[in-house]
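Two complexes come next, and they have one chain in common, chain A, joined by chain B in the first and chain C in the second.
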Partner chain A sequence: MLEAKSTNSLESAFEANEKKTLAFYLKWVFFGRPARIILLIIFLLAIILPIFYIAMTSLKEPIEIRTSGALLPRGEITTVNWVKAFANVPLLRYLLNSTVVALVSTILVLIVAVPTTYSIIRFNTGGWFFPAWILGTYVMPPIVVSIPIFAMVKMVQLQNTLAGLILVHTMANLPIAVWLIDSYIRAIPKELEQAAWIDGYSKFETLARVVVPLIRPGVLATGVITLILSWNEFLFALILTYGVKSNTFPIGISRYIGEHGLQFGEMSAAALAGIVPIYILVFLSSRNLVEGLTRGGVKG
Partner chain B sequence: MNATIEKHTPKLMVLPTFLILLIISLVPLIYILSISLTNSTISKPFTDFVWFENYKKAFTDEVFGTSLVNTLVFAFSVTTIQTFFGFLLAYAMQQERKLGGVMRTLALLPLFTPPVAIAMIWRLIYDPNQGLLNYYLMKWGLVSGVIPFLGDKRLALPSIMLADIWQWTPFCFLLCLAALQSLPKDPFEAAMVDGASGWYVFKRLTLPMVAPQIIVIFLFRLLIALKVFDLVYMLTFGGPGNSTQVASFYIYRVSFKQFQTGYGGALSILVLILISVLATLLTKGRETILKRIE
Partner chain C sequence: MAQVELRTITKKYGKVTALDQVSFVIPDGKLFVLLGASGAGKSTTIGVISGIVTHDSGGIFLDGRDISQAFPQNRDIATAFESYSLYPHFTVFQNLLFPLESPERKKQMLKPDREKRVKEVADMLGLGELLKRYPRELSGGQKQRVALGRTLVRRPKAYMLDEPIAHLDAKLRHHMRSELKKIQTELGITTLYATPDQLEALSMGDIVAVLNKGVVEQIGMPDEIYYNPVNLFVASFVGDPPMNLFSVDYQGDHVIVECDTPYSIPILPEDQKMLTEKMGDCRLKVGVRPVNIQLTASDDPKAHTQGEVILIDTLGQTSIVTVRLKSEEIKAKIPSDHLPKLHSTVGLQFDSQRFYYFDAATTRSIC
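Showing the complex of A and B:
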């Protein structure tokens, strides 16, 4: 609505300018519609190009990769890199580990985060301090707490296990989850809950039967985001897992490259194997994701 | 009984989070604070009490200094570039509705690409012999010899920055777009009725109205950028020399590669203080800027 109008007004402002001088045309080219479209197309290509490049590289003959960095394959396309990547690197194991860690930690995060956020907003539990503490924990670089986390995980004998990593990812993703769910709960009118209380619902029942169904898009978006964050997480997986049985995809693949080296073709295929599941997830929930991310991001 | 539970429900709801925050922030802070006063190693924590020796050492540690400078240069550069382009693109996008859905979905991809995969992509792009960048630079005759982007002391950090810019600009774009779309419509309609030019509306209405949110986006992104670790670890491992050494990576190296957890703890505390001071100053700065705009 508004956008359409503002474009019209810009153009009508130009039309009003009767003397169509060189300056007018320059202005239109650099600030008008063509400039905007070109800018956006460049943006689009810049996003796609690197991903497209490794997709193409993963389909090139290994010999061709060694001799040319061209964008498009010149010879026949081949699946040899994919076959070799899955045969040489224990990729399926890494992906399975990642999936287990991401799924379980996400479920745990949501179970903890939703009631907490609700309690903070509706009952002002913890006053100003608790939300500030949560935000502070999010801002703190994870490396700062890595030594004690390492020591604690070792103390409970969970080093080099998926369970240990699941617990750490749950705790590490909790602040961001609370932060993301916050704006969804804020948007629920208080009257709905008050009606539920009058009907004899307890606070827990109100949360489960009234609030949660209303914030389902928010919970979904938060779940997908923490799922991906856990899937992508590098530092804790690096210090807490050191074997094929517990290595997640990011650590497994980077260790493998460090120890055995990997040809670029196989590396591209392996990278894509970790990317594709995420992209599928993003495409399936993109509308919710954009909403979830931007609501959390811009509140003052 | 039920009444008691009902009364304390709000507290019960935050209890797990409270415990988790203790485990991931308060206990670790006390732990590193105390370990930083000792000469601990990773296998023998809390041995050999040395008071503030580790802190004294940190102030004369040139590599630590380099890592702090690199972190600040990295964080401020990428954040400025990403917020600027993010805003520019969002402003263009706001007026081109048709591309909206596609752009938004695509903009999510770099942000959510596993950093390890991003590192692999850019390692391939930068490779001197088999990479895309050198191939086309050579083919089009723009350079006479291959450029070792990640192997050159001056180029390594900017090369990591470019990968980071690819990853995060779309995120800034999405946030800026949301900020632009949240603006009230009345002032713009009034300006249109008055026949104000596009540039004038942008300068006098859009920019001042959206500025507070853009500053929040800038700060938010900056605080995340200060944590930079993954790309450095996977693209250059801090090298060549110490040219891409950043704070998080240096602490990792000291603690988990040289096993000096006592010294690593001291560095962690110093970095934490630096970030807190920076965050406080920037929040104050934001208030000053906002007052000036009003």
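Showing the complex of A and C:
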């Protein structure tokens, strides 16, 4: 905000033919409009290029992929990689598994995270220790707990099932959900909740009828983020699932590493197929996501 | 319908004492006005009774039952907040309906009855046109009426109204004052009404309590508060403009006002008798309400003193005239048709039948 303002005043100063010292030109080059556009282009290229690259790779002949590292296909464009990607590996099944795991674990995360966060903020549940502990589990690298997690899932006989992975993803994404929802709940004036208590509602009813509707954009934004996290999660999916029945998409991608080496073309096609749903989701919810992530406030 | 009683309620916010041993009883069905400036502790009192502010010590009793520990939901007290606290995600209609849709009350009233009640209250408050709007689309005065309406749709044991009409425009406020009093009398629901406006307090209240810095200074009927203020605070707080207060020297049948140009005012024989009996040897202060001062010609022999008119504030039929003696200013409230000229010298005649006497040291009233 502040930067944007200073740039604007810089431009107007430039247009106003202010005394142009060297310092002024330097400032203009580094913070002015050209600099902004160049930065934006670099940033966009960094995001788009890899995706563009795999999209192009998926359209190249396998022989060309092996022999040339060029970005654009030189020979003929082909769909053979796409056909093979779906034919050689049960890609659709992996995508379905991923969808189920991501959706169900996200719903579970939200169901648990909203009341938990509300309780921590409004009623100081768990004192200082509980919130610190929640954040602590998020900071910890997942690999540290991978063996105990595997043992626990096995103990309840959920290894190699979607249910097991759903539970683990729910657990893994809870801290970030609590952390994100925190600010939305804090933004709600306490008086609204007190008014609801006086109007004859219990604490839980107040949460359901006043708090949740008000933080809905935040909850949805949180949901999209945990959905993406679960969709992309690799480590737990790798150690907890070992078959078509329960493998998720990121694990499925590794199936293209066969005995004849890496099937780059097929892998690229599959990867693209896997990121399309999540891109569509983010695109559709982008307005909500931006609103939810930037505006925690409730204007009465 | 219930009697609300506060027993020695104390509430501190850190080092600040918001309520200091506050005790009072609101009799069943009465309108009890809590009168005090902002910061006096009115909202805290209402918060304590509603259950959203936890007090440090003392007890709250509803019909003799201790509700100090009860959750607000279970107290059956309806509160209109000064800050409105409207639900931003509900329309005006939904806001008004919300209290009637609580699990408990849903069982007591059928849906058509609930909606009928909302319509009635909305019409009474002039909200009929606004029912479909959201709170963010309302003006401050409209929001306040919705907040009041959300309280009035209920038939609770008691209403707590925290400056419920403070932000309405003058005409509507005047109308709502009598309307609220009428509703309260008709329903017979015990009501606590907090306001900094003494006119509101004296015109609406069955009982008025004057609150000052968390201390109840006086509880009484509006007449008592106005005519028999127990101390200097109540005397100067109630009455518009405030009472003129003079330090005087008591001389038997008259008092001498101590100022740069001392003057004497004869007092009534019964006051003289009363003062001789009760006052002892304390320093005396005399209070005279602006309405009990008459302006005369400067050479009128009945005038007790004279001064220069420095300000005339006309309020329609009556005017407030500020007269400067040497270093003091005295305010008189007189009919607007006999106004003196600005900067002219006028005589001041005090009506000694309406004198208030106070002990300067303890600030207590002597009578």
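One rule holds for everything that comes next: the second predicted complex is superposed on the first by the 250 of 300 C-alpha atoms of A that agree within 3 Å, B and C clash if a C-alpha of one lies under 4 Å from a C-alpha of the other, contacts with A are read in each partner's own complex, and residues count from 1 in each chain.
Just so we're on the same page, a residue touches a chain if its C-beta (ideal position, glycine included) is under 8 Å from a C-beta of that chain, and two chains touch if they have at least 3 such contacts.
Keep in mind that this is a model prediction, so the values were computed, not measured.
Chemist: Identify the partner contact of A:Leu92: answer first if only chain B is touched, second if only chain C is, both if each is, neither if none is.
Modeler: A:Leu92: touches no partner chain.
Chemist: With the two structures laid over each other on chain A, which partner does A:Leu192 touch: chain B (first), chain C (second), both, or neither?
Modeler: A:Leu192 contacts chain C only, not chain B.
Chemist: See if chain A has more residues touched by chain B or by chain C, and give me that chain.
Modeler: Looking at chain A, the partner in contact with more of its residues is B.
Chemist: Does chain B (first) or chain C (second) touch A:Ala132, or do both, or does neither?
Modeler: neither
Chemist: Considering only the touch criterion stated at the top, classify A:Phe123 as touching first (chain B), second (chain C), both, or neither.
Modeler: first
Chemist: Let me test your reading of the model: by the given contact rule, A:Ser202 touches which partner, first (chain B), second (chain C), both or neither?
Modeler: Touch status of A:Ser202: both partners.
Chemist: Between chain B (first) and chain C (second), which, if any, makes contact with A:Pro213: first, second, both or neither?
Modeler: Touch status of A:Pro213: second partner only.
Chemist: Which holds for A:Ile51: it touches chain B only (first), chain C only (second), both, or neither?
Modeler: First partner only, chain B.
Chemist: For chain A, what residues appear in both contact lists, the one with chain B and the one with chain C?
Modeler: The answer is residues 202-203, 298-300 of chain A.
Chemist: Going by the contact rule at the top, pick out the chain A residues touching chain B in the complex.
Modeler: 1-7, 9-10, 13, 16, 31, 33, 35-37, 39-40, 43-44, 46-48, 50-51, 53-54, 57, 65-71, 112-113, 115-116, 118-120, 122-123, 125-126, 130, 133-134, 136-137, 139-152, 170-172, 174, 178, 202-204, 207, 228, 231-232, 234-235, 238-239, 249-251, 253-254, 264, 267-268, 270-272, 274-275, 278-279, 282-283, 286, 289-290, 293-295, 297-300
Chemist: Can you list the chain A residues touching chain C in their complex?
Modeler: Those residues of chain A that touch chain C are 189, 191-192, 194-203, 205, 210, 213-214, 298-300.
Chemist: Within their complex, state which residues of chain C touch chain A.
Modeler: Answer in residue numbers: 50-52, 71-73, 75, 77-79, 81, 83-89, 98-99, 102-105, 135-136, 143, 150.
Chemist: Please give the residue numbers of chain B that touch chain A in the complex, ascending.
Modeler: 2, 6, 9-11, 13-14, 16-18, 20-21, 23-25, 27-29, 31-32, 35, 42, 45, 88-89, 92-97, 99, 102-110, 112-117, 119-125, 127, 129-136, 166, 170-171, 173-175, 177-179, 182, 185, 188-189, 192, 195-199, 201, 212-213, 216-217, 220, 223, 226-227, 229-230, 233-234, 247-249, 251-252, 255-256, 261, 264-265, 268, 271-272, 275, 279
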